[in-house]
Amino acid sequence: MQDVQSTQDTVRPKRPLLAWFDVRSRKLGSWAFALNRLTGLGLVLYLFLHLVILSLLLRGEAGWDAFIKLARSPLFLLMDAVLIFGIIYHGLNGIRVGMVGLGYGVRAQRGLFWTLMVIGAALLVASIWLVFTI
Amino acid sequence: MTKEITFKVFRYKQGDPAPHYDRFTVPCDENTTVLIAMQDIRRDQDPTLMLRHSCHHASCGTCGMRINGKEELSCVVKVLDLGTPTVTVEPLENLPLISDLVVDMTGFYQRYTAARMPYIRQSEFNPGAEPPEGIDRYTRYENCIECGLCLSACPVAGSDAEYLGPAAMAAAWRAVEEPRNGDGKHALNWVDNEHGCWRCHIAFECSEVCPSNVDPAAGIMNLRRKLTGSSLLRLFGIKR
Amino acid sequence: MKSYHALIIGGGGTGGALAHDLALRGLKVTLVERGEVTSGTTGRHHGLLHSGGRYAVKDKESAVECIEENLILRKVMPGTFEENDGLFVAITEEDVEYSRLFIEGCTDCGIPTHQLTREQALAIEPNLSPNLILAVQIPDATMDAMRMALRFFATAKHNGAEFKTYTEVLDVEKTGGTVTGVRVVDHRSGKESVINADIVINAAGPWSGKVADMVGVEVPIRPSPGVMLALEGRLCNMVINRMTPSGDGDIVVPQRGLSVIGTSSWVVDDPDNLGLPSDHIEKMYAEGEKMIPAVRKAPFRAAWSAARPLIGPRGADTGRELSRTFKCFDHVDEGVEGFVTITGGKATTARGMAEATANVVCQKLGVDAPCRTREVVMLPHTAYFTG
């Protein structure tokens, strides 16, 4: 549809994965995006996992109790922490991306990112404390 | 003070099966830029090394390269400031390679000109100054020097070969922001598609590498705001 | 084997303007350039579209050429210049003294002047030195060195001229006393070939001596570099010149968001090895600061050297006193047919140089076609890449 030459290069074909995730020598924006994509995908994965696990309920009490026991193990709690990090990061960065993407706070995007991250860090610490103490 | 610096330079000649890197050692002093080092290599060691350059002061935009992995104008990067014993020099990404450090700018310029931005804008420098007799207002060139660094650094351009790219959309925003020979509608329509402003993922790499204060990412976001605004208004039956 | 009417060596402003002129006259033209176009002196110059004021006292011939070309180029290259005029600023009593000669010279050469008091000048350029005594407004303008020249290339390309970049001339082919073409290497592939043409034109700027050596003719050209300093921030909107006879660091040219101070002058043997003397950079600060004190505090952006193709005997040691007017040599006097050299001049006068050379070329080829570059409006610089 566009009457322009493609930016594809036969000698150096595009490598989309690298373009997105090779963040060496890239700045904040790329790191933020790469992490956003990873956490986004992680969250989708988790959603499925979550449904699979919930479906254990359908198989009766024994399986569920065994799972709850597993879920109380430190390793599992650590994974919870990672999940919480993912949710918090993705959600907060998502707010920034959503705002900036519609043209609000563009010049302040860096400050916005770090402000949200400070809030995120506080939330994360509080949540992890709750996870390990309750 | 001169220091021997090794350059690892990307090489490719048409007909080669694949690109490779060559190493050259060049004495560099505190004034030596990466561009001068490349020219010294061409003069003293390998006359076949191909590179683009013209103004030598960050004004023409031809000398863009990836220096130690980062998009830069090689004419303003001093070798010794890099602080690495080996300096890797590669051509820009996301444009077809011609040879060695030279890429084909055709696709860049096709996109860049599509927004029809005039190259002369109002000067905002020395705002209090009154223009001299015979001159209505001070004018100057647009900031963008058409170097393509932004396109090379942009991860979306790294995956979508049709992407309009940051510089072209920054030009579109300029055509909207300061309409000089039109109303900017053409530019707005032009970016309003899946290879245009909506494709951008707000990585800000373009603005990070831009050597000429264009801030293309902000331009793209402003285009989006404008487009979102007018489609919202349309939703409520208001036409502007 | 394809053959051309004319083959131009050197893709600077001069070669580009010549290709444009010849293409408009209907000739089959090709141009070979060893790098990207404007990678020689052209891209690196100061960016001043001379009004001629700089030469109005000592080099009237140059001054007249400048004002004529200045007016023509504004017409045929709309949108290419920052048309904010220029000022000659007098800071010392000596400068004021010189201003009388200056205004007289300008009037003689047809360069309009408009004298301003200190207050008037400071109102239009607030960053000028408080020591300012008076200023004279003249029709200087600013250009983007590469983009201005690219309009010649873009238009010539559109009219059928062929540009072969990254193609270096290794030798000139001769049959008897007649030049028949050039042997080139294409650096994209490393392949060598011969390109034939009825006439070969040497437009290699400071390299034209080297090209002449390939033919065995004498071109009295000396590469004479100058240092320039680019600072961040646009300290002035007009071109600021010091009201003195030509000297070092006497011009500040605003460009986009930069201020460029130039220049100095010395002589070298090899146009590929100019160097960048640190004391010349310091000189730019010192002299620039006298006109605009903010120069000293402005962040550094770049410093570089560029070589003038200065006409004069090769081997002499200072560059300033020579005339800057261009020369077109038909080497038939030296027993070589089919070879012309165009050199010297300024970016401002590239069109005029091309016109003179194209007249010679057409006469030699027996082509009767008038020059049209005074009227034909040129394509934008971007058309060189998109066309």
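Should a chain be cited, it is by its letter among A, B and C, assigned in written order, with residues numbered from 1 in that chain.
Just so it is clear, a contact is a pair of C-beta atoms (placed from the backbone, for glycine too) under 8 Å apart; a residue touches a chain by one contact, two chains touch by 3 or more.
These figures come from a predicted structure and were not determined experimentally.
**Q** Could you find the chain whose CA centre sits the greatest distance from that of subunit A?
**A** So the chain farthest away from subunit A turns out to be C.
**Q** State which chain is most central when centres are taken as means of Cα atoms.
**A** Central chain is B.
**Q** For subunit B versus subunit C, what separation do you get between their C-alpha means, in angstrom?
**A** The mean C-alpha positions of subunit B and subunit C differ by 26 Å.
**Q** For subunit A versus subunit B, what separation do you get between their C-alpha means, in angstrom?
**A** So the centre of subunit A lies 31 Å away from the centre of subunit B.
**Q** Based only on mean CA positions, could you tell me how far subunit A sits from subunit C in angstrom?
**A** 57
**Q** Would you pick out the residues of subunit B that each touch at least 2 other chains?
**A** Residues 106, 110 of subunit B each touch two or more of the other chains.
**Q** Hey, which residues of subunit A end up touching subunit B in the complex?
**A** 1-12, 14-16, 18-20, 24-30, 32-33, 97, 100-104, 106-107, 109
**Q** Taking the complex as given, what residues does subunit B use to touch subunit C?
**A** 13-15, 31, 33, 36, 39, 43, 47-48, 50-60, 62, 75-76, 98-99, 102, 105-106, 108-110, 112-113, 118-120, 123, 125-126, 128-135, 138-143, 145-146, 212-213
**Q** Which positions of subunit C touch subunit B when the two form their complex?
**A** Answer in residue numbers: 35-36, 38-39, 42-44, 47, 79-80, 82-85, 87, 114, 116, 123-127, 137, 142, 144-147, 166, 168, 185, 187-190, 228, 230, 233-238, 254-258, 260, 272-273, 276, 278, 281, 301-304, 306, 380-382, 385-386.
**Q** Going by the contact rule set out above, which residues of subunit B touch subunit A in the complex?
**A** Going through subunit B, the ones touching subunit A are 12, 18-19, 68-70, 93-97, 103, 106-107, 110-111, 114, 151, 153, 155, 157-159, 161-165, 193, 195, 200-205, 208, 217-218, 221-226, 228.
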